[in-house]
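Below is one structure, written out as structure tokens; the observations come after it.
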Amino acid sequence: MPVTSALPLGAGAARKASSAVTAAAYRGIRAQSEFLCQPLSAEDCAVQSMADASPAKWHLAHTSWFYETFVLEPSLPGYRSFHPQFKVLFNSYYNAVGDKHPRPERGLLSRPALSEVIAYRRHVDAAMDRLLQSQWVQSAEDAGARDAALCALIELGMHHEQQHQELILTDIKHLLSRNPLRPVYRAPAMKTGAASVPALEWLACPERIALAGSDGNGFAFDNELPRHRVFVHGFQIASRLVTNGEYLAFIENGGYRRPELWMSEGWDRVRAQRWQAPLYWEPGGQGWRQFTLDGQRAVDPAEPVCHVSWFEADAYARWTGARLPSEFEWETAVSELENDPVQGNFSDDARYHPAPAVPAAPAVPARTSLPPRLLQAWGDCWEWTSSAYSPYPGFSVTAGAVGEYNGKFMSNQYVLRGGSCATPRSHIRASYRNFFPSAARWQFSGIRLARDQDGAR
Amino acid sequence: MPVTSALPLGAGAARKASSAVTAAAYRGIRAQSEFLCQPLSAEDCAVQSMADASPAKWHLAHTSWFYETFVLEPSLPGYRSFHPQFKVLFNSYYNAVGDKHPRPERGLLSRPALSEVIAYRRHVDAAMDRLLQSQWVQSAEDAGARDAALCALIELGMHHEQQHQELILTDIKHLLSRNPLRPVYRAPAMKTGAASVPALEWLACPERIALAGSDGNGFAFDNELPRHRVFVHGFQIASRLVTNGEYLAFIENGGYRRPELWMSEGWDRVRAQRWQAPLYWEPGGQGWRQFTLDGQRAVDPAEPVCHVSWFEADAYARWTGARLPSEFEWETAVSELENDPVQGNFSDDARYHPAPAVPAAPAVPARTSLPPRLLQAWGDCWEWTSSAYSPYPGFSVTAGAVGEYNGKFMSNQYVLRGGSCATPRSHIRASYRNFFPSAARWQFSGIRLARDQDGAR
Amino acid sequence: MPVTSALPLGAGAARKASSAVTAAAYRGIRAQSEFLCQPLSAEDCAVQSMADASPAKWHLAHTSWFYETFVLEPSLPGYRSFHPQFKVLFNSYYNAVGDKHPRPERGLLSRPALSEVIAYRRHVDAAMDRLLQSQWVQSAEDAGARDAALCALIELGMHHEQQHQELILTDIKHLLSRNPLRPVYRAPAMKTGAASVPALEWLACPERIALAGSDGNGFAFDNELPRHRVFVHGFQIASRLVTNGEYLAFIENGGYRRPELWMSEGWDRVRAQRWQAPLYWEPGGQGWRQFTLDGQRAVDPAEPVCHVSWFEADAYARWTGARLPSEFEWETAVSELENDPVQGNFSDDARYHPAPAVPAAPAVPARTSLPPRLLQAWGDCWEWTSSAYSPYPGFSVTAGAVGEYNGKFMSNQYVLRGGSCATPRSHIRASYRNFFPSAARWQFSGIRLARDQDGAR
Amino acid sequence: MPVTSALPLGAGAARKASSAVTAAAYRGIRAQSEFLCQPLSAEDCAVQSMADASPAKWHLAHTSWFYETFVLEPSLPGYRSFHPQFKVLFNSYYNAVGDKHPRPERGLLSRPALSEVIAYRRHVDAAMDRLLQSQWVQSAEDAGARDAALCALIELGMHHEQQHQELILTDIKHLLSRNPLRPVYRAPAMKTGAASVPALEWLACPERIALAGSDGNGFAFDNELPRHRVFVHGFQIASRLVTNGEYLAFIENGGYRRPELWMSEGWDRVRAQRWQAPLYWEPGGQGWRQFTLDGQRAVDPAEPVCHVSWFEADAYARWTGARLPSEFEWETAVSELENDPVQGNFSDDARYHPAPAVPAAPAVPARTSLPPRLLQAWGDCWEWTSSAYSPYPGFSVTAGAVGEYNGKFMSNQYVLRGGSCATPRSHIRASYRNFFPSAARWQFSGIRLARDQDGAR
């Protein structure tokens, strides 16, 4: 059973909670990373299947390196680093803290052994424990700016580790999929039956000057700030994600052979890489099959389509006569239509695969007067938006090396929203901006449609 | 002397003008394309220096192919195409009208000879003449939708050819720059002296709901539509372009060696391609020299910096503590601050190189009460904006094959505004959106800075 | 009509002939290079179709550069070079004489114009004329070592230019073939009819200690020296080249789909480049068509197969149960079986395409006692041998920069023998060693089979 | 301690020995492969550091696959394969037995686990045991052609596995060298002290018609056959290998910066890959350091230079005024000058690094009348020859799929002779032909010089 980190995170939380709460949250997140690696051998954890992905062992080490570099070395008196060369080996992309091992060579590191990396984690955890129990944390409420900054770094480190938890799952999925033996990561936790999916409805949101970005309640990355006004034209948004069944119709209609449906660059990609279906789909005798973390099986038409690039999402939307929502439309719709707290199919559920939409319970009669709900807004699949990833008006990066976290990737990527079945539930929120290049397919990325107020694109 | 096409273009113009006016505009534009090739030999016109660029001969043929394919074949009864294979050879990227010759192989076409391509142009021109003098044009004002569409295609063809005129210049510049003999395209038309440049001022524009896009007066590409509202926060914009002298300070401050100034992707590019200065700059004994269309000469510190990529523009802006304007900020500023008609250093001036800013004449006393002017908004250099090139709310592509004109490039490119010294004056307008990938440097692209209302980025 | 250089060349010739004879040979060769370019426009001469090939203009200039660099500058007092930068622009690969323009960028040189290159040739020719008429040449027979060396360099320059004449033809053929218009270099000089080809016979050569290499009579490149003994086992050699018809049977038998017939490296190439037939063959409605210098036409089954790589020659031979001859077997067979002087289908015949074998005339009765003749040993197609190109025992390169001529290419190439339809007749001899990498196909390269004495491979 | 397979191998041996002897040889070789992997973790055994190298796990599996595919499946009644997909996963390059897993993806196979591969080995070993104890082996001497063929296959399998033992060492060395932690494979088995090296002497061999190839005594690969005559000119050969100290003088003399010393192709490689020294050398504060299987340490000037490509060996030889021996010169010299049985520094010695030359013992007075001895002919380093790898006259490949063993690599590779410190002693012989491409450096390859009889190259 996965380790649930149900503890409240957030800048406020870390600053105000007693150290015990913070320490428990830390421990929960650390345990979850290792929990995800339990089904894996040391060999599985060492191999890198492509330059975009990293070995699980590297993720386990890098998340520890983050605390060591940004928290322990500057702030824990007497801290001794575990290994002098790990500073370089497990730096991902922080130029300000020195050299880094070349990304495509992460998979060459058969040493340190997985067991040593686990020992590294213990070493860091013990030091973090000392830090979290030290005086300054006990009196965090009275602490000055320096302590607040430290608390914020610890909190950032926990969110950082949660991001890598998602990558552990997406990267191991990619690795196993390249193995002709089609290994199973973990046997399915729950039965997947052919479900009937609620009809796709168009939910209307009128024109407005919307507020976008974090409202300051709880943790947020710098790229969610500042909260600002944006003019959003009236639009309609689909009540649920596009299903495999719907996407199959696109394929069968020649979707991958019709250039007029694609961005020029996307069409070049289709031809160069011979895309014919989402990543992990393979033609089989009885129709398409797909590789999942619980093995190879038939494509379920009721499940949301997943592992599509932005190019595919965009082409599919064009084929239907609709379009992708902008990130502001998405954020507006969630505020308006997703009146429940964040809930959905997350990594906490250990399903690790998007699930068919379930109709909103008609249970409460009073509900009928409420607006229709946005299904699958949380979890299942990250939802590609039409928005290029760029800074919000007034954006400024965090000072110091951790400022290399988000801002320097704000070119030629697209924003995704809502989290996936590989995201920890406590990690996501309405203002969360994930981002990937337009050809990336190995994340759990799916499609929600939108259209203009009048029903046009 | 260059052929000036001072004739009024625009959707309205073409529909309403007498055929004589339209025909004159057509002829003027056609003549200008050939005028630009006059200094070039057949050999110069045949060679392709990189996949992004095309031979001048190809531009001359492709612009004719456009009229032949979209205007003459469907609409001129009895039209016979000049050569059956030109349909494929000179198709650029219109998938809907059939196969196309591979772009990187345009430079292998030593045949047809330049003289044959000129004959092709004459053939198309004669047919266009017949078409423009035929009945339907004579009575264009009364014509129905079909004729309006035809008029719009002719007008589009003229704007299309003007775009290729700019490419003829940028592509031949690239070719000649690769030749160790450093050939001169044309001797300088006017003396370039070391000028004193007016100080950079910050011009303020308050927050507003702005209108962006074409106002329907005159021709516009589909990507300028529809006109729509956008929330623009208060901002400040630089009164002129960044100069070579200012950019040199960035270089000398280690701008190309400091990763913290760059987008991650831009930094990768800096290292992979060993960028150390703008394209066409070379270190010389007495300092930097640059290749221009009038030969190799010392970098003039008063001229605007040119041939920088979006990555360089963005890094430079970050180094100064400012940022690039969004395309909406640019459009707003031009409407607000550029109270004169479109004027500047255009290809009509046959200078083919950006010129130092000239202070706005303080002449008229009454003027003092007017807002300060935006210098160099038109011509000189295309100005990189912070805006990813994406569709306006409600955007729809033109029906038919010409719909492949703009929309399919709306991914991973950035918007540039304002035209350059290689742009025909009659081609540009406030709503005009040019676009190139973030690493492109061979266009005449420069930098205008912006910052937030409070002076922050 | 082509310019025939029937004049005797050779180290002896140059040294002993009157200067008039040498000068005439020089002029004949120079004229022939330009004769080959007559059907070409300046555009045709400027373009480079692949890194392996060079523009015709470059060949015209480089062959002049050779005389200028190695003959005129060191030996003609007062010689002024035509253009200071040509030293770099037209250096092919001689590191010892300074920098060179990058090979893949030869096609970017739209300047100097073809007309300037012709002027360069005239400049060099005039200087060569002065040199050849000067005193030292008049008295060449008495000249000392220095003059002998100069004579040898002049002679080398002439053979060098003849090599480039062949490349002018092979490179322009490649360029024109890449043009969808399939331009014709020159209309066929003679009718190509379906001929009946004499049956392939196996001609036996008994085991011996053979002498290989130049016998010192006439000019030879350094790679033909020293003449030396080699043990040659008894073998049989095919009386003529493999025909298109025979090669077609290989294709139809799945030759390009059966890995067991290929070198591993060749098989990788077949798949990577999707080889399905010789270069310049294309499937047509009525069977295979091929591009030739006189246009696109049906493959003639009687002609020798041409434009095959060593990998294809080797695979074809394996398929027949035979093999390629070693270069020593070839040289032995020619000495033994080719009792006539060098005659065949050469560039002098302006056919520029291999011709079907013609049976040896049975005319002279006395002939019946002679050994059977090797047909097509000279001209038509270069014949791939099984011999890797390596130095003869005791080989040493010529002193000085011209020593970079042959020796530095003695790795990973294979020897070809006998000349082709693009070779000048006076350029070839029994000891001549041509060499190309095993995947090269754009030369006029064909196949002659051999087998062991007992008929086995 | 390494497992020594001192048992006599050879076609004769397998056929004539009692099954017990054959089985013992088999078991010894199998044990040695696993012995070599003992210092390695499962992670070390899974990773592939470049396309040329394979994971150790793959070698362990592939050598078992060989017996399974070529011996057990066709010849052991009732044999059941261990896993149906291993047929594809562990096929190296045998097209005739079906598909194969792409070579560059061998490192993606985190499954099967190392433990499963060991189980696979046990499965094959048990079956081989049954086969070797069955009736047909007991009566091998009387067996007909089929049994002889089976015996030959078993013997081939053992030699095949010995080849992969060498690759296990070279491939793991490459992997560990890419790890910044510079892991040690195994602590040094014996002390390496600075030795004084005997002076290089030139040993003369007069001209002769030599016999080359296997004499039929003992096992030989097909590429060593048939034994045949070859004319060998008189030559001189160096008494020992080139040392690091000697090679350092080449480096310090600008060897890697002087194009005139290199094959053209080699020079391109030097520049493209920035070669400045042999593979595994790194500049350090106190001079060059080198990575070895017992760790990073200073370059020992007395040891033979190792991990050089053919290009480097050839350039070094040219720099000294000498050349590389041909493979026939090497074979002749060994027959003539190496009058002792095969002895040297082999993998049996578990040193895994070439050792300085030791002067031949002057001990026995009678010896003085003997010819001087060739030192280091066996073991230490494979010796590059000047001979391109090509078939011997009359060569024919073994029938069936194992015929893909050697013949299909006979293009663009060079022959190496004499074995290395990573070669099992029982694997090598005078006629043994190893082969690698001219740029390969990760094998234990070194340099022995030769020159012509008269002392010239």
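For clarity, chains are labelled A, B, C and D in written order, and residue numbers in each chain start from 1.
Note that in this section contacts are C-beta pairs under 8 Å (C-beta built on N, C-alpha and C of every residue); 3 or more make two chains touch, one makes a residue touch a chain.
In this text, all values refer to a predicted model and were calculated from it rather than measured experimentally.
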- Message: Show me the overlap between the contact partners of chain A and those of chain B.
- Response: none
- Item | Lowest number of touching-chain links that must be crossed from chain A to chain C | 2
- Query: Once you find the CA centre of chain B and the CA centre of chain C, what distance in Å lies between them?
  - Reply: 49
- Where chain B and chain D are represented by their mean Cα positions, the distance between them in whole Å: 62
- Chain centre separation in whole Å, for chain D relative to chain C (CA means): 39
- Item | Complex contact set, residues of chain D against chain A | 41-47, 49, 85, 88-89, 101, 105, 107-114, 175-176, 178-181, 183
- Query: What part of chain A is in contact with chain B in the complex they form?
  - Reply: 93, 95-96, 209, 228-231, 233, 259-260, 262-267, 310-311, 314, 386-388, 390-391, 393-396, 404, 408-412, 438, 452, 456-457
